[in-house]
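Pasting a structure here, questions to come.
Should a chain be cited, it is by its letter among A, B and C, assigned in written order, with residues numbered from 1 in that chain.
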Amino acid sequence: MSNPFFKNNGPILILDILKILKINLNDLKENININDIKDLSASNKSDITFFHSKKYKEAANNTKASFCITTESLKSELPNSCLPLVVENVLVSVSMITSLFYPDAVNDDFDDSTTYIYDTNFKDKVIYGKNVLIGKNVSLGSNCKIGHNTIIEKNVSIGNNCSIGSNTIIRNSVISNNVKVLDNCVVGKHGFGFFPNKIKNLRYPHIGVVIIEENCEIGCGSTIDRGSMSNTVIGKNTYLDNQIHIAHNVKIGENSIIAGQVGIAGSSIIGSNVRIGGQTGISGHIKVGNNVEIGGGSGVIKNIPDNSKVMGYPAKNIREFLRDNK
Amino acid sequence: MSNPFFKNNGPILILDILKILKINLNDLKENININDIKDLSASNKSDITFFHSKKYKEAANNTKASFCITTESLKSELPNSCLPLVVENVLVSVSMITSLFYPDAVNDDFDDSTTYIYDTNFKDKVIYGKNVLIGKNVSLGSNCKIGHNTIIEKNVSIGNNCSIGSNTIIRNSVISNNVKVLDNCVVGKHGFGFFPNKIKNLRYPHIGVVIIEENCEIGCGSTIDRGSMSNTVIGKNTYLDNQIHIAHNVKIGENSIIAGQVGIAGSSIIGSNVRIGGQTGISGHIKVGNNVEIGGGSGVIKNIPDNSKVMGYPAKNIREFLRDNK
Amino acid sequence: MSNPFFKNNGPILILDILKILKINLNDLKENININDIKDLSASNKSDITFFHSKKYKEAANNTKASFCITTESLKSELPNSCLPLVVENVLVSVSMITSLFYPDAVNDDFDDSTTYIYDTNFKDKVIYGKNVLIGKNVSLGSNCKIGHNTIIEKNVSIGNNCSIGSNTIIRNSVISNNVKVLDNCVVGKHGFGFFPNKIKNLRYPHIGVVIIEENCEIGCGSTIDRGSMSNTVIGKNTYLDNQIHIAHNVKIGENSIIAGQVGIAGSSIIGSNVRIGGQTGISGHIKVGNNVEIGGGSGVIKNIPDNSKVMGYPAKNIREFLRDNK
């Protein structure tokens, strides 16, 4: 998907990138243009990529990128066609280079380009409340309803038959058909991802978006953050109750049901047909399989295989939990 | 109480109801009009009711309804005056018939009938902020204050001396005197009740309302869902802190104090003089007695008798909890 | 700091105060004016103070106040220059007298003095969205952005280079430079502090403010309550994720990182360089030291010393927690 939300400032000359990374590359033959920064698998010949953990060894072996930000100990995994750029801290360096390509994706100031919906072409196409604001280049399907005081920021795309509540803010999101987003939600702000730094933390760009697939419902007061390098995805026909927090890069499968006040931390992947009880918390970078049931109030701190029923903090087999707590 | 919020589409001919349930009733003598669908106890001769669990056997024995949606194994409990309509899944069938009587109670699209308060008769009666919206047939008592951007949707009734904050949405609710609802709340949306169904979940109507009795206070960012068949009730002089979620059909007694970020799942009943510590979660269909104290962070998964002090996940006697966790 | 938010109704004659407390003071020589009610250390000769717990014995020994609301058993700790006013319930009496000095600090009705920002002097100084409201005597630094529908109530002070999101409400707060407050937040309302009372609870004034120091970020949907007698403080460069609740009088140090849905109850003090995992709850009146790490989902019910790593409910040493839960 080309990214309509964050303008790519590229191409950028490789020597300008090396300067920022404070790297002097003797092997460099030509000061070529770099189009974009992408992950190992998505990169093409004219992109720069990054490799910071052995977990991604296979993707590193096969990357098509010409340059890769990485470490001394990992660089041998790269193919000959990819020049390693060895740095001390891969993620901080990636943050700096991504900020170079996507300067608008670092901060989340409000969209000051919006206009009242009655001044747009949607005024005869959509049923809308008072004080509805629409950003530039927004796309709205047929038969949609948008409640009072709701703000749809620039480039957002919403499908047919969608109902958006009142006092809701949607940015950097692609929403399919038949989706409901209820009142007081914030969808698509940047995630809670930054490099801690005394005096002033260093935010890195979030160039991912929020994708909400068809037939979903998002409850009141929920927050769904957009991805940093990948997207945050809510799968088809998945329902979220009120006051739920979905962090950046989270992916939830289809037909899942998530009860009130659940929180899912960054980059976790939840399967399809999953049921999560109220107030459950799921740590970051966790994988929850398909057809899993998680009892209310659980704290999930390790992966859960398909077809499991778990409960507790930390979550374990539900029968075990109930037996141990008789 | 007659229900001012959801217009009853009845009377509906019993043959039209049977058609939807795909029932061919040989015993039926006359194609009579059915006025409403109600629970077993509330039904009159011209209503249809439903009976799906042995728990309600006594009510079933005494129902005055002429027709009852039920199962093969339960139908013998009904009196002779009540014809059983045997179906496979009682709740799905009830959902279909309730949708027939109350088509407007299935979805929660925003109220597009609202007008600015300064264009209503309340403009000289109420102290109000900017951009306040009032639906049709709203009733507001004397000496009320309504903050900026707040939306009071159609048919809502608010008593005397109430203070409603800013950015708050109230629908399908009856609010008594001296109540405060603080900022950014959503009161009265439908609950998280639906029948899971691959491809597209099936929502059933929520024809209950939210009742907030006198002297209550509801903290910022809280969500209180209306009932499905019964009402959601917050008893007199009960105080809720910020970011609390009260699900559909929940009933809370008088003089209770509920700290921040507590969540109470659907249909649970909380007594009077109850104190609930912050972030506690209470499962659905639980009964918490009077004069109960629940420590912060607890997860309540079974009933709690009167005068108990509990804490933990799952919640147990508080002294036991503290001893086990020394 | 002089308090620009709550107008002091003083001076008030001591005989008027004694009347309310139902105290007949034979030792009283002169019906002098009392300027203010302050805590033991902050009081001057013309103030009244209060002393309700032995914990504050040292401050009581050295108070400069001329009058002190206290109990029979504590009064001997006061210096001769300070006349004890003996009551049954110190805090209820303090509430009554504070209400006398600060009648506007008891209720949190919306600020009806606000005007649209385009009608103020800020219209050429600030980048602002639609429907932004500004109260009387607000101060805004240079290079600020304020999102749509946001309300900055009277006397609030905001520094330079701040970005305030949309649909956010800020009152009774002092915000330093380079602070971001994201969407749908409520900052500065009174805390959940009141005296429970059958029929109608008794709210006491909250005359503290919220102080947010420079370089902080406050996530979407968060609520930060102002202090009752002292202030609620978020230290420099501390970042809060979404849906966080910070209760009244809480103080958080510098460079701390607090993940989504965390709740911190009233009067707790959190150190600097603290990291708190998502959904953690911290009880009231707790002290968490510097450089502490608290795992997600924890429930902290006792003090945590500097440099500790804890997790669990109740929170304990993290290695112990993980070992016990293998």
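Going forward, a contact is a pair of C-beta atoms (placed from the backbone, for glycine too) under 8 Å apart; a residue touches a chain by one contact, two chains touch by 3 or more.
As the structure is a computational prediction, the values presented were derived from the model and not from experiment.
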| item | value |
| --- | --- |
| Copies chain B and chain A - interface residue numbers shared by over half, same or different | different |
| Superposition rotation for chain B onto chain C, Cα-based, multiple of 5° | 120 |
| Gap in Å, rounded to a whole number, between the CA centres of chain B and chain A | 35 |
| Interface hub residues of chain A, defined as touching at least two other chains | 131, 149, 167, 184, 221, 243, 261, 279, 313 |
| Residue numbers on chain A that touch chain B, as the complex places them | 127-131, 145-149, 163, 165-167, 178, 180, 182-184, 215, 217, 219-221, 236-237, 239, 241-243, 255, 257, 259-261, 277-279, 296-297, 312-313, 325 |
| Chain C-facing residues of chain A, complex | 107-110, 112, 114, 116, 131, 133, 149, 151, 167, 169, 184, 186, 189, 192, 194, 196, 198-201, 221, 223, 225, 243, 245, 247, 261, 263, 265, 279, 281, 283, 299, 301, 313-314, 316 |
